[in-house]
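In the part that follows, the structures are each spelled out as structure tokens.
Common to both upcoming complexes is subunit A, partnered first by subunit B, then by subunit C.
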Partner chain A sequence: MNKLLEIDNLKVYFFVDPLYTGFTKSNNNEFKSKDIIEDRWIKGKIPVKAVDNVSFDIFNGEILGIAGESGSGKSVTAHSIINLIPSPPGKILSGEILYKGKDILKLSKNELKNIRGKEIGMIFQEPSVSLNPVLKIKSQIFESLMLDKKLNKKDIKKKALTLLADVGITNPESSLNSYPHQLSGGMKQRIMIAIALSRNPSLLIADEPTTSLDVTTQKQIIDLLVNIKKSRTDFSILLITHNLGLIKQICDRVIIMYGGKIQEIGEMKKLFENPLHPYTEGLVGCFPDPNSISTERINGIPGNIPDAIDYPSGCKFHPRCKYAMCLCKNIEPELFLIEKTHFVRCHLYKVNNITDE
Partner chain B sequence: MTSRKYKINSFSPSFLKRRWKKFKKIKRGYYSLIILILLYFISLILPVFIGNSALFVRYNGKYYFPLFKNFSANEFEQHSRNINNSDTKLEGEANYRWLKQEFDEKGENNFVILSLYPYGPNENLLDEMEGNPPHPPSMQHIFGTDDRGRDVLSRLAYGFNISLSFSIIVTFFTFLFGFIFGALLGYYGGKFDFLGLRLIEIWSTLPVIYILIIISSIIRPNFFWLTLLLILFGWVGITYYIRGEVYREKAKDYTMAAVAIGASDLKVIFKHIMPNALIPVISFVPFALVGYITSLVSLDFLGFGLPPPTPSWGELISQGLKNTQYWWLVSAPLGAQFFTLLMIVFIGEGVREAFDPKPFSRYK
Partner chain C sequence: MNDNNYIIQIKNLCVSYLTEKNLFSLKSDKIVAVNDVSLDITKGTTTGLVGESGCGKSTIAKAMLRLFNKGLNDVEIKGDINLLFEENPINILKLSKKEMRKLRKHIQIIFQDPSSSLNPRFTVGKIIEEPLIYNTSLNKKERIEKVLFLLEKVGISLDKYSSYPFEFSGGQKQRISIARALASGPELIICDEPVSSLDVSIQAQIINLLMDLQKDFNLSILFISHDISVVKQISRNILVMYMGKIIESGEAGKIYFNSMHPYTKLLISSIPGYMLKNETVIPQIENAENTHRPSACSFVSRCSLAQNICNENEPRLEEIADNHYAACFFCRK
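Entry: the complex of A and B
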């Protein structure tokens, strides 16, 4: 399989004013020395390490899931793929995002416009706020189609109608003439998907596409995504979610993120059958097997996700980890290769360390 | 088949259409708008209704249209009917009221059709009225004449056109520039916003009235200059509002979604953000109209406005102030201004109500 997108050592920090954080500036010391402080607005701010040295690949024609708790850096990773980090306060400090060999982070604004929407489409969390409330659906879909500049008006309308029919909208003609507030959440999300697909991107980033929808609609939207994936060749989906059930249904590979770092990457089946990282284990343990009849209590992961400003030393998960060792408190583990395509960031597996990732 | 109680409306009325429907329900504002628009359109073709040039003259088998072309008195071999020394030959511009009297007396085939109220705004009526100006109201002169013997109603009507045209033009351009600058400042932010805002702050602290007075003492400003000056100083206020609105709107998800499909900056600003940012600002428009009418009136009142003999309300009010014993000189311009502004305020109130997303309600 070919690599469609390669993310290498991506580091995205958000710089916040210490006034609003409850921390003093002394935490900032480590930051002064090695990282570049070329922007003046960074001065005196505290870095929130949203994404810290994340590397992974997306292959042609796969569905890759990123799972993790809120605040683990999933969405920021996804947004930085099309360089959509608001700056200030965010800044992509280092890293490469190679899309078909081109580094997206080094593209000019104009080149970026040709990547956004045309090569990489994106669906957002809340369809109700992602559509412009004062514009008709028509003008929002047409806008995206008109960016290609090849189609005339008739073709645009025809294409919009087929797009809407493709995403399962029953009466496309009248939906075109309605405003976002007249449609239900599921319909809006379908329209967002239609807009994202309108320019035939080869990668679709779905940033928690089902979070704000109810369960039956979630199912429909997920089925829709799978169908879209099946009906297109060389089409990949990056699915960001905190819903493991969803990942289990459709993903080929899974990335588990925690504290802005990848904790485990692996193929979906292996990861669910044999979760290696204690955090993954906890997550999978929280996910009841619908087929089993066991009456055991589900034990959640104790504790809370740490503050992104002040991560614990060593492994970021060690305060909540039931296998925590002395080593964990001091040294942050590397991503260890367990077997082909399965990596885990945990000292428990250091023994197996064959290569350094 | 089950019967439906309501028909499905597959084509929803547009946003503005719904607002318009709501506005129509507010009777005060709606009727004010109709009356004002009607009056304004009448004032655009005012010489047909009020004015000293006749609509149509037939003289010795020839036809004349004095509305479009001025004719001298010689053209009709007109005699003066000056009350002081009559029966001399009239020189200069033709006087169509006298011409009509002359034709009527002679009883030939010639005739004149005058406009409804045949007195011009700048026309001196001392030659045909007895006594000293200002003359009190009469059947011929509904609001009397002013201290130079000019008809007050005619001056008021022409002044209405000038005031309203002036304020509409100024409002349109101040809002246009305010929108553009505010949107750019709000969207790009950062240094551009900082510098832009400081410039605007400096600009807005300039004492506008004094500058206008100074400028108008150097050059006598005509209509064009006065609009230009007020636009120059007026766009600042609206920029603040728009900038704030754009700041708020650009943080919303639909902006991010628009960027994510690859829309250009200008498209994001003017297609996606602007309509959202505009809504809270639209209700300012009628009040801005009121403001600019008032400022033109006050400039005219102070004598720094439009050059005489332009018919203007401010000039009439200042006459009234000098001659308070002549009640018609005081009440007519003030009343006209009062009712015009009242109607615009009613419209403004209606617009504000119509754009209010929530109907008024209160907890018990």
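Entry: the complex of A and C
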């Protein structure tokens, strides 16, 4: 399979005023000497390590899922793919995002416009916030279609109507003339999907597309995404969610993120059958099994997600991990290769590797 | 089962909101939020109430606590809500304001969004102490002891006693609201979507906590949620609601594995990751209009089994198997 998008060593930090954090400037040592403080606004600020050295690929025609608790850096990773990180306070410190061989991070604003929407579409979590409340649906869909200079006004309307019909809106003509508040949450999300697809992108980033929706609507939206994927060739979806059930339903590969780092990558089936990282195991355990019923306690993960300003030393998961060893407290593990496509960031598997050899 | 096992019995509850007359319309509309609902909660158990948003779940919770703000929107409540923990049943809807206030310590509620249901200007200690001041006769020292005991029970470290709500994460805030609900020693706790706004790992922690507390304090819980996979984990009985009516009820296992009503089947098959076991997939008519005609089944516009009879008559909740009720013409015995 061909690589559609390559992310290499992506590092995104947010810099916040120490006033709001309760930490003193002394925590900021590593930023005093290094040359990355070119920007004046970073001086004296405290870094929030949202995404730290993340590398992965998206292949042509796959659905890749990113899962993790909130605050694990999923959304920041997705937003940086189309360079949507607000700066300040955010800054992409290092890394490459190669889309079909071109580094997105080095593109100018005009070149970016040709990538956003045309090559990479995005849908966001809250459809009611993403749509402009004072504009009719019509003008919001036309807006992106008008960027395509070849289309005249008639074509634009025709295209908008087919798009709306494609995403399962039963009455496209009247929906075009309504305002967002007149539509239900599921309808709004369908319109968001229609806008994202309007310029035929080859990658769709779906950032928690169903979180604010009812379960039945969620199912419809997910079915819609799968159908769109099937009806197009060479179309990839990056699905960001905290709901492992969704990932289990539609994804080919999964990335588990925690503390701004990838903890496990693997094919969906292998990862769910045999979760290797203790965090993945915990996440899988958090879900009440939909296919059985028991009134026993759920095997969850104790504790809370760590503060991105002040991560624990060593493995970031060790304070919550039931297998934590002395080693975990001091040294952060690397991503170990388990099988061809399966990587895990956990000391447990390094030990195994050595004994196997 | 005899009546003594119930803690609360709701009989034929109807709640309708009267929309305000505005500048343009001369008459006010009536929106029926809860339509002829009866439910019982057995002592010491959890009853789950499931349904999509807007089906009237929270209105039932509000009615049970009489939490309606009469000034803002006029509410019409009919039916009975009988509390049975004393010898004589008490009808909540017939109490005066003063009597209701005395009764509130027996029924407590946990809301969906913990950050907006905790007073941001109170310390944790004060938040949990407040119900003790009004509902018990403990003195200051005893109250502080009780607060510390509750904090320990819900898993908040005691040195957080004088912290403010903003210093906590969502899961911890929800723990604090659970402690507050427990403070007055209630028999019944209503949990209105207590885990919907939380992360999955925290969801599991809160559900485990509720299950532990139920054993420790012998609580009865009404667990309201839109997520049937969570509800089936914690509840003994499940009630499924659709457009203000209960359309299926029974034991959790029966509802989950042997659901009869097409809507329940739809809800269950919508759970992400649910594998259908040699069962026909339920096709659903999408984006159907949800206008409800009084003389038809409320689900008819979305139902794949719908036939003429569904448009003409409204099915009533009938017993289709032992302790398993459904309101559908096609699942009768």
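Criterion: the second predicted complex is superposed on the first by the 343 of 357 C-alpha atoms of A that agree within 3 Å, B and C clash if a C-alpha of one lies under 4 Å from a C-alpha of the other, contacts with A are read in each partner's own complex, and residues count from 1 in each chain.
Everything that follows uses one rule, which is that a residue touches a chain if its C-beta (ideal position, glycine included) is under 8 Å from a C-beta of that chain, and two chains touch if they have at least 3 such contacts.
Keep in mind that what you see is a predicted model, and the values were worked out from it rather than measured.
Enquirer: Please determine, from the superposition on subunit A, whether subunit B and subunit C clash or fit.
Expert: Verdict on subunit A: subunit B and subunit C fit.
Enquirer: Using centres of C-alpha atoms, tell me the angle at subunit A that subunit B and subunit C span after the overlay, to the nearest 10°.
Expert: The vertex angle at subunit A equals 80 degrees.
Enquirer: After the superposition on A, what does A:178 contact: first (subunit B), second (subunit C), both or neither?
Expert: In the superposed model, A:178 contacts subunit B only, not subunit C.
Enquirer: Scan A:242 for contacts with subunit B and subunit C and give back first, second, both or neither.
Expert: second
Enquirer: Identify the partner contact of A:187: answer first if only subunit B is touched, second if only subunit C is, both if each is, neither if none is.
Expert: second
Enquirer: Let me test your reading of the model: by the given contact rule, A:144 touches which partner, first (subunit B), second (subunit C), both or neither?
Expert: So A:144 only meets subunit B here.
Enquirer: For A:287, select first, second, both or neither according to whether it touches subunit B, subunit C, the two together, or no partner.
Expert: A:287: touches subunit C, not subunit B.
Enquirer: What is the contact status of A:169 with respect to subunit B (first) and subunit C (second): first, second, both, or neither?
Expert: After superposition on chain A, A:169 lies in contact with subunit C alone.
Enquirer: Using only C-alpha atoms, work out how near subunit B sits to subunit C after the chain A superposition, in angstrom.
Expert: In the combined three-chain model, subunit B comes within 6 Å of subunit C at the C-alpha level.
Enquirer: Any idea which subunit A residues touch subunit C in the complex?
Expert: 69-70, 168-170, 186-187, 214-216, 218-220, 222, 242-246, 248-249, 282-283, 285-288, 290-291, 293-295, 297-302, 304-305
Enquirer: Quick one: in the complex, what on subunit A touches subunit B?
Expert: Within the complex, subunit A contacts subunit B at residues 82, 84, 113-118, 121-122, 124-126, 129-136, 139, 143-144, 147, 171, 173-174, 177-179, 182, 192, 195-196, 198-199.
Enquirer: So in the complex, which bits of subunit C are touching subunit A?
Expert: The touching residues are 52-53, 169, 171-172, 199-205, 207-208, 211-212, 226-230, 232-234, 236, 252-253, 256-257, 266-267, 269-275, 277, 284, 286-287.
Enquirer: Quick one: which bits of subunit B touch subunit A in the complex? Just the residue numbers, please.
Expert: Per the touch definition, subunit B meets subunit A at residues 10-12, 14-15, 252-254, 256-264, 267, 271-272, 275-276, 279.
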